[in-house]
Amino acid sequence: MIIRPLAWQRIVWVALAAMTLFTLVVLFFIIGFIASKGAHVMTPEFLFGMPERMGKEGGILPTIIATIYITLLAIAIATPIGVGSAVYLTEYTRESPVTSIIRFGADALSGVPSIIFGLFGFILFVIRLRMGWSILAGGLSLAFMILPTIIRTSEEAIRAVPYNLREVSYSLGGAKSQTIVRVVLPNALPGILTGVILGMGRSVAETAVVIFTAGSSLLIPKSLFDPARTMAVHFYILAREGLSMERAYGTALLLIVAILLINVVAYSLMFRLTRKMR
Amino acid sequence: MREKLIERGLLLVAFSALAMLFLIAYFIFREGVPLVAKVGVWHFIASTHWAPSRGQFGILPMIVGSLEVTILAVVIGATLGLSCAMFLAEFAPRGSVRVLKPMIELLAGIPSVVYGFIGVVVLIPWIRRTFGGPGFSVLASAIILGIMILPTVIAITIDALNAVPPLYKEGSLALGATRWQTLYRVQLPAARSGIIAAFILGMGRAIGETMAVIMVAGNALTMPTSLLEPVRTLTSNIALEMGYASGDHQAALFATGMILFVIIAILNTIALVIARPRT
Amino acid sequence: MAAKISVRNLAVAVNKRLILTGVDLDLEENTIVSVIGPAHSGKTTLLRVINRLIEAQRELLRSGEVLLDGREVRRLDIDVLRRRVGLIFATPVPLPGTIFDNIAYGPRLQRRHHHHQLHDIVESSLRAAFLWDEVKDRLSTSALRLSGGQQQRLCIARTIAVDPEVIMMDEPTSGLDPISTAQIENAMRELKRRFTWILVTNNVKQAARVSDRVAFFLSGELVEMGDAALIFTKPKDKRTDDYVSGRIG
């Protein structure tokens, strides 16, 4: 039986649509499942309370604080380095062996699995540099993990700035550095910010790196050198040790909500700022 | 002059990514190489006995475990991912793509531990009911990993399909071919290198994934002989034992990391070479 | 009197293509000089060589001299040169930001001004460009909302704000309506006392309206240069005659 081409296309369309639908169903299922089981746990006592009995009871406040500290530190380190690298790649050089090498470094770094960052962070920051399990060690390791993302998005954003804007600055007597700071970067800000915020999302979700560099202490971290347990790590420990399924769901829901918010903010910021440039 | 200083400074900053890469490689290798030298490369890679307390560091079960899980995950992820990418790139109504694509990218934002957890709570019981066995298995790991690499595979494949010159597509349609025929006979072959690169990068992701796998794989130290048996991957091995390892044991874990690093470097290089646009 | 700008035997090649050959010309101070000629004659390149904007190009080869007040431009500090010789592009390019910020951009690069000084500079520049009355009430609105003609006058005001000696304009009114065009030509005439103007234009009539001297370029070569009155009525070179009467172009 020969199937006519158009009929065949119909069949294929249905099959592909079904696959896509399946993917979306999985996504919504995951979020929905966690939400349904974790929603009732999201009480103020949970969000602002201290954990008791190793997390079996009580709240998750220290983990929220830890997550915020580590993520902010990672961004604070990765953004200047990432934007600086992107500026150098776009403004100061033409395509050359040097730029290829630099770009290779960034690309290769993005392929390194998180557990290796964890191992590396452990041996270098925690042990050799004697930081111990600390927010500092965690932030540094995370920073280099998200660095390639920031370089890539910043480079794209900077390249997108039209060349004639730079020429205007040059013909008014602007030096290169002045042109970059006063014209190029402000114009590239939406794209750069998006990359930074996406890096934030990755930091919040990351577990393997953090658990080996920041430890798993449930105390509220007071300094950069204190160990800390982030939400993702806490969730992992709760789930794996079977300490409290309820609180595990609650932590997971908070994690997902946070990451979702971060992504939404990133995209809407990009939209709004690009429109303001028009 | 001040400008020159700024330029030199930024050059230094730009090399930091590269410097980090070398630093990572250096430290991992520095810890791992002595151990491999000590127990012998052959023993390390080919022995099936992993018993740190007795000085045995054979990681073959983990290598096989990682490969099995990864290859199956890529099969699952590639099938699903290619279908989604084809649908989104060619068949979905324009407006819906703008909504669907970010949604699929949301999948990438879900923490790996959450995937693992869902796997434990939903997937494992299902496998147990449907296929028998302990549930914690190669199959469970592959399914979870396959889903996790979807956003990567889909995004790169869509880019590869979009990069095909519109001329090819228009030429085929002008000759009377249907959109599917055009896709199948013209666009897919033209985008082949990009799509393969997508698969290989997905493979790199899957083999490097740790947390989700730990939760659903079972982590038994045996060579997996069937899809339903529990398995331990290279990454799980490191993550599980790092907490209490010391001395040679710890070094062996670094050596495992070394192997992982090399495998992924090879995969990424292959992807780079394949994806290089041909004139 | 020594010329404000002197070009001696200038030849320029970019990406292995010859753009200008053997150009010799003098520009007197406080005159309006039009550079006319068909497309791809090298007119824009001439401007960009004078303010050295062309040096951003790769594979640039040049020989000959370009002198500003007797000194070779390549020996001057490049930032200072560009302040002394301003350039206005064919399509107006306002910087994203307020009208005030646009005009104040140049002076702010020097970092030497207090806010009231800046305001004075902004006002006098906008007045000189005949734009003050139209925008004086909305200096803190976005410059991108101005019309094409207003934006171009904004660019002129922006250039005036850094107090140049020479202002070069590259087909500034090619996309503008007649009224805006007239306003800009008016500004040029009024400000001749302050600046020396170089106007690149494809519009022969415009050149006839405003210029003191005219230079005719064809395929990278300076064919003829003379007083405006003579070039259009009694050109010495047949090619000039062909161009101004519309036989070629």
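Every chain is named by a letter (A, B and C) in the order it is written, and numbering of its residues begins at 1.
The criterion applied here is as follows: a contact is a pair of C-beta atoms (placed from the backbone, for glycine too) under 8 Å apart; a residue touches a chain by one contact, two chains touch by 3 or more.
The shown structure was predicted, so the numbers you read here are calculated from the model rather than taken from an experiment.
Taken as a contact graph, the chains are arranged in an open line, each linked only to its neighbours along the path. The most central chain, judged by the distance from its Cα centroid to the centroid of all protein Cα atoms shown, is A. For the pair subunit A and subunit B, the distance between C-alpha centroids works out to 18 Å. In whole angstrom, the spacing between the mean C-alpha positions of subunit A and subunit C is 48. Subunit B and subunit C have Cα centroids separated by 57 Å. Residue positions 175 of subunit A are each in touch with at least two other chains.
Subunit B makes touch with subunit A in their complex at residues 2-3, 6-7, 10-11, 13-21, 23-24, 27-28, 31, 79-80, 83-84, 86-88, 91-92, 100, 102-107, 109-118, 120-122, 147, 150, 177-181, 201, 204, 207-211, 214-215, 235, 238-239, 242, 253-254, 257, 260-261, 264-265, 267-268, 272.
By the touch rule above, subunit A contacts subunit C in their complex via residues 94, 164-165, 167-175, 178, 182-183, 186-187, 277-278. Touching subunit A in their complex are the following residues of subunit C: 51, 53, 56, 58, 79-80, 82-83, 86-87, 89, 91, 93, 95-96, 105-106, 108-109, 144, 155, 158-159, 162. Partner subunit B is touched in their complex by these residues of subunit A: 5-6, 8-9, 12-13, 15-17, 19-20, 22-24, 26-27, 30-31, 33-34, 80-81, 84-85, 87-89, 92, 101-102, 104-109, 111-120, 122-124, 144, 147-148, 151, 175-177, 201, 204-208, 212, 232, 235-236, 239-240, 248, 252, 255-256, 259-260, 262-263, 267.
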